[in-house]
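Sharing a structure here in structure tokens format.
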Amino acid sequence: MGENSESVSGQLEAYCRVRRQSEMLCKPLTVEDYVVQTMPDVSPPKWHLAHASWFFETFILVPYVSGYRPFDVRFHPLFNSYYQGVGTPFPRDRRGLLSRPSVVDIYRYRRHVDEAMTELMERLDDRAENRDIHLLIELGLHHEQQHQELLLTDIKHILGNNPLVPVYAEDRFAEEEEVPVPLRWIKVQGGETAVGHDGNGFCFDNELPRHRMRMNEFLLANRLVTNVEYLEFIDDGGYANPLLWLADGWASVQREGWQAPLYWRKMDGAWRYFTLAGEEPLTAEEPVCHVSYFEADAFATWAGKRLPSEEEWEHAAGTAGLWPGNYLESGRFRPQAALTGEGVLQLGGDVWEWTQSAYRPYPGFRPWANAVGEYNGKFMCSQMVLRGGSCATPESHIRKSYRNFFYPHNRWQFMGIRLAQDT
Amino acid sequence: MGENSESVSGQLEAYCRVRRQSEMLCKPLTVEDYVVQTMPDVSPPKWHLAHASWFFETFILVPYVSGYRPFDVRFHPLFNSYYQGVGTPFPRDRRGLLSRPSVVDIYRYRRHVDEAMTELMERLDDRAENRDIHLLIELGLHHEQQHQELLLTDIKHILGNNPLVPVYAEDRFAEEEEVPVPLRWIKVQGGETAVGHDGNGFCFDNELPRHRMRMNEFLLANRLVTNVEYLEFIDDGGYANPLLWLADGWASVQREGWQAPLYWRKMDGAWRYFTLAGEEPLTAEEPVCHVSYFEADAFATWAGKRLPSEEEWEHAAGTAGLWPGNYLESGRFRPQAALTGEGVLQLGGDVWEWTQSAYRPYPGFRPWANAVGEYNGKFMCSQMVLRGGSCATPESHIRKSYRNFFYPHNRWQFMGIRLAQDT
Amino acid sequence: MGENSESVSGQLEAYCRVRRQSEMLCKPLTVEDYVVQTMPDVSPPKWHLAHASWFFETFILVPYVSGYRPFDVRFHPLFNSYYQGVGTPFPRDRRGLLSRPSVVDIYRYRRHVDEAMTELMERLDDRAENRDIHLLIELGLHHEQQHQELLLTDIKHILGNNPLVPVYAEDRFAEEEEVPVPLRWIKVQGGETAVGHDGNGFCFDNELPRHRMRMNEFLLANRLVTNVEYLEFIDDGGYANPLLWLADGWASVQREGWQAPLYWRKMDGAWRYFTLAGEEPLTAEEPVCHVSYFEADAFATWAGKRLPSEEEWEHAAGTAGLWPGNYLESGRFRPQAALTGEGVLQLGGDVWEWTQSAYRPYPGFRPWANAVGEYNGKFMCSQMVLRGGSCATPESHIRKSYRNFFYPHNRWQFMGIRLAQDT
Amino acid sequence: MGENSESVSGQLEAYCRVRRQSEMLCKPLTVEDYVVQTMPDVSPPKWHLAHASWFFETFILVPYVSGYRPFDVRFHPLFNSYYQGVGTPFPRDRRGLLSRPSVVDIYRYRRHVDEAMTELMERLDDRAENRDIHLLIELGLHHEQQHQELLLTDIKHILGNNPLVPVYAEDRFAEEEEVPVPLRWIKVQGGETAVGHDGNGFCFDNELPRHRMRMNEFLLANRLVTNVEYLEFIDDGGYANPLLWLADGWASVQREGWQAPLYWRKMDGAWRYFTLAGEEPLTAEEPVCHVSYFEADAFATWAGKRLPSEEEWEHAAGTAGLWPGNYLESGRFRPQAALTGEGVLQLGGDVWEWTQSAYRPYPGFRPWANAVGEYNGKFMCSQMVLRGGSCATPESHIRKSYRNFFYPHNRWQFMGIRLAQDT
């Protein structure tokens, strides 16, 4: 973790804001929606709410607050995600089999943790000996923000797989088709550059150390690939041509029967898709979303282009204006077309952008030394890096150096495509 | 279906009583408990509540009530269990992925159906042309009673697999160990006998036709096998000796790692088990419950005995007093020791008794001719017959000729063992 | 086992004949054909050759011949099929992973056993104390004959799943289409009858005890169902109509994608099938073969008929001339149309006939008391009885009371359909 | 492909030598050994022999030799490994179900291809228009050499999983324990360096383009990790401590029940392992072999070190003497201890060395343009790079820039560990 960037009182405020945000996201849910798990990757919403509290309890309250009484010690394995260092977690793929603890009890659990955390923060001052706690609180808040994104993506999966296709939140924005800026190729200078977090403010351990590297000049698309562009790939037989695909990708296409991005459905000859506002006709000019790395790579191959590396992406982001963008706070919960602007657009928000980089440690990487050392490092294998945040990412959570990562077959996050090419 | 045994007004009363009973059984549940499916065999409680209503709607209201408006046509595939003749059912093993319709909506669905059914029954009279409807109503009520038993067994599975082992209903009965009657062997005369329903009152199609058969004299145990007797089998290495088991049974033991009946757990050297009143120390003299056919058969082999055939069982029941017994209405939801009495005890209630009979059609069997013809016949393969009802069976639902059936590896019903032997 | 029906010297002759027969059946094989296992149900031919020898070694030579030295003790688990009483068998589904012992070594193993068996038989006389050995030899020969049928069916599966569709043995018989006798319904008297082996000559334990039972009068088809009759079922959408199928059968149809019997393949609009003489156009009037119980039952349902029970079959066979028939010795290895004759034809040979009877113990059944007690009894669950032998059954092996059994989804044996109906 | 490094006549000689080598490696096999497939990753030896011929036939003889008649067109899908561009390959995991074509036929196939290839090469001259053919021949030979290594590793798996643990080739070398050089850390200078093939002689497309990159100074172990060093990890509970493992690695440990490298077996308290010379006691000082990336990484974590990146490895190899080493030609087929020498030892041969690099395209990578474009590029996902060749790699096949790649859970290749650390 870097330096804590907020004052002591600011941290309590941030705590309250973040915690409230998680609960706001669950407002539209029925009690039943909190419980189910539609695939092993998905966690029930109530699990997310409990797990984020478990994180504060386990890594801050229990070790640092003498006399703290856990809400219910039986919750500890249940809401441990993957921290083998603090006990054996309950099996991930069975989270949806747990009707208890009830949603009410989980909100009680949150209140219990909130009270203890508030009490702790109210008496914490800036003395150096409290630095670790401040850093852990900051980590806990970023952790909860990560789960806010997962809450939304998991809710989308739960509702989107329901034959009644329920609406999570009406889309209050204009429905009329909007014309995005034309695709342009922005030349990005090569040479030696630095990659990784620069040390100002919070970052995860996986963004460090900042290191120098050589890079060739390259061209980056000024905007994301749109649905209508992706449809050309589909209509050109993209899902039927093995020569466009990575070998593992083609195996996924065949095993899963993929014919289109997740949530797309052809009905009477026309494509429709499920959004958090319900099922609706495909919006042609919206950025394509819910594609796997395999699909992103096959699309790029079909287009005669490639995906950028994560270092290229970060290098380009450094010279383009990154933030603001279409984040969680917009409340729209779907990517939007880039309508105007120069340079590289849509880098922040809308959809996570698959890079061609495997998720590996930076040279000289060291995981955090303490109990949270399992946070990132142990996943540095067989996954691919995504950059830039999405329409489900809290704005205060994202950074240019932020490295998200998923398996190349995953599609349920808000994931999309930006193309690159060599000069 | 046999003759309708109730008067017209009696049928409405029965309808109300049965429908209320289902909802009473769900009283102790949280909303979350209604939703989950802990294994493919289990259905979420809310699914049972909806399915029983779907049955009345599909087989009575839609075909016989002109102008009837279904509550929501999208429910039809969702709550169709296995009736291919009325559409493709939603996949059984995905029932637990459905957060919607909500529990509230399902109770609304029940009210909608209840109102239409009540209206229908209020204007139905005894005229011959209404006979089919009366029979279908009677069938619908027996169908719902079957699901009452399933509700209880599925709730037990949902709670019993939860690490918090929640209590469904406190056991209000004496806890003190009670001494069952000693095991005695009752000689049952052989010769020619008749098997199958005798035509008085309702029965399922699978209980017909009544037919004559030859039977040898045999001995039947006067009571069920108890936990302490089953423990001897365990302690004698029963689960480690392949020579005691059917080949498929031994494969199940190894694949599933069975060491004891379902819900048993060894803790600090002592056996405990989960009951609907929570987890507690094993009651030695209670009938053993939650054993598969494979276990029942292996136990009988170990004991040098055998299980009775279903015809032997029915023949014996014909001469012993069958009813009353420890049924659903007792509210205890667990089998009880037989404390006193002569002759063959515990034939009705307590636990379903595995017989050595494969579930096959009786000679001359004809499935019901109409849409409910899928009710029983298509399951007459690879399953075994159980007799006598259990502590989860409604008393008015059971008969001496009643044939229940499950796969030989199933254990989650209230299933137990009665021994027999040749003379 | 019943009484040994052969003289002492006759038994040695029978031994030599049976052992030679197994090896003759393997004559057309390449070394490679001996090795592979195309599905878990199939065993490599070399395994069958070794296992039949292991049976003699394990149950006769080791216990009864002092000083006998096993060929290689490491073979014991490898060629133990399922006798848990004599050690843990090598996993069945991994038999095809064993390149060693080589085919040559397995023939050496056979010679080793043959020499020891010959020596034993030459000095065995008729004294009562040798009775057990005589019976075990007789059992061993019947056991090897069973594996001769399995050899053929497994060879058919190995060759029939090879894209080069190799020929096992040219069909030296006329190719011209022949017209079978018309379908007629033979009335079989009901009343009390006896079922089970009558005690003359050898039988398996599962054919005993002979017992009396009541039976209704019924009609039995005079011949087997033919390919062209089965095609009508296919062309009428039989494989697409769930209402014709048992529930487990419909699940199999969907999971396996069944569209026709095993080995059938549609090419340019015409059905072809694989026979041991290679792939060829479907012979319309040949008895349909390689259908599961599920398919046999669905066909019968579609035809408005049913399958006979095993007792009905045996009862009918008792009054019809059973033997001779088209058995293994014909060397044609495929069923043949019934061209002439009165009464119930084709009862022996051609195809095993699915009955509607679950494979269960006869009343009073006792497995053999000694080490071979695992032979039959432990399979008496979830399987269905077939009667009458097939074109792959040695003629001297079959009896009217013979009970074969397979799971209802099995298709790779020579299995077919004879219809019955109530009067 | 780079420039063809051999003269025209040299290429024919190389062809004969390589083709003969493949067949020499199969000399110790029985016919049965050629057939089986002990896991999906393994191919039957006869398949390798046929596939290498199919490669020449498909990519050279069919397109470039007018009038060439394929040996058997039915072989084309059977022996197509993964080239979707030339037809749909037969499913990989079913290769072991094919008894035909026989081994004899496959040798005939080889002769057929050899004759046509010889004829072609005899009339090919150095004219520029033949350049493509020369390059494809060179590729075909390298391809066959790759399969020589796979032949050996697959034969080892086939024999090593056989309960009779057959010997492939006696080890004719001294058995006495030898003392390896002590572990020393060699400092490797950082700065800017070039990675990738330098253009002299043949290379695969994945070794290009050569590109410059920055690298930090680091320390590299002078030799491979030995069995005795790996045993310390085991004895320290390495396989029981999740904190040492990547998350996917820990899942593999638990799912597969790993307790030691592949082919290790504890017997009476002592470790033994299977080598191509049979099963024997573990040689303490031999380099550890048959470990997955997950194990290599966990070992490095336990040791407080890390694995080198592939670029570090190549950079270090450039300054150390790489070849000669213990390759296939030694005929020992097992890694050997490094007994003397300065600098970085064992870089070539012995075992492939896991690097911490994901297998990804080099910047500017272009797959070969023609039909062999599927050779490498489509596997650039989810696999890790290994460097340096092994005791099963032909010496003339390996290069400093050679990139081998396997999934992180694979263990059946000759794979081992060299440690690195930051300065």
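So that you can tell them apart, the chains are marked A, B, C and D in the order they are listed, and the count of residues begins at 1 in each.
Assume a contact is a pair of C-beta atoms (placed from the backbone, for glycine too) under 8 Å apart; a residue touches a chain by one contact, two chains touch by 3 or more.
Going by UniProt, the chains are A, B, C, D = TIGR03440 family protein.
Computed from a predicted model, the values in this text were never measured in an experiment.
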Centroid-based (C-alpha) most distant chain relative to chain C (TIGR03440 family protein): A
Chain A (TIGR03440 family protein) and chain B (TIGR03440 family protein), separation of their C-alpha mean positions in angstrom: 47
Inter-centroid spacing, chain C (TIGR03440 family protein) versus chain A (TIGR03440 family protein) (mean Cα positions, whole Å): 59
Distance between chain centroids, defined by C-alpha means - chain B (TIGR03440 family protein), chain C (TIGR03440 family protein) (Å): 38
Topology of the chain contact graph, where touching chains are joined (line, ring, star, complete, other): ring
Residues of chain A (TIGR03440 family protein) touching chain D (TIGR03440 family protein) in the complex: 82, 84-85, 192, 211-214, 216, 242-243, 245-250, 293-294, 297, 309, 356-358, 360-361, 363-364, 374, 378-382, 408, 422
Chain A (TIGR03440 family protein) residues within the chain B (TIGR03440 family protein) interface of the complex: 30-38, 46, 74, 77-78, 90, 96-103, 158-159, 161-164, 166
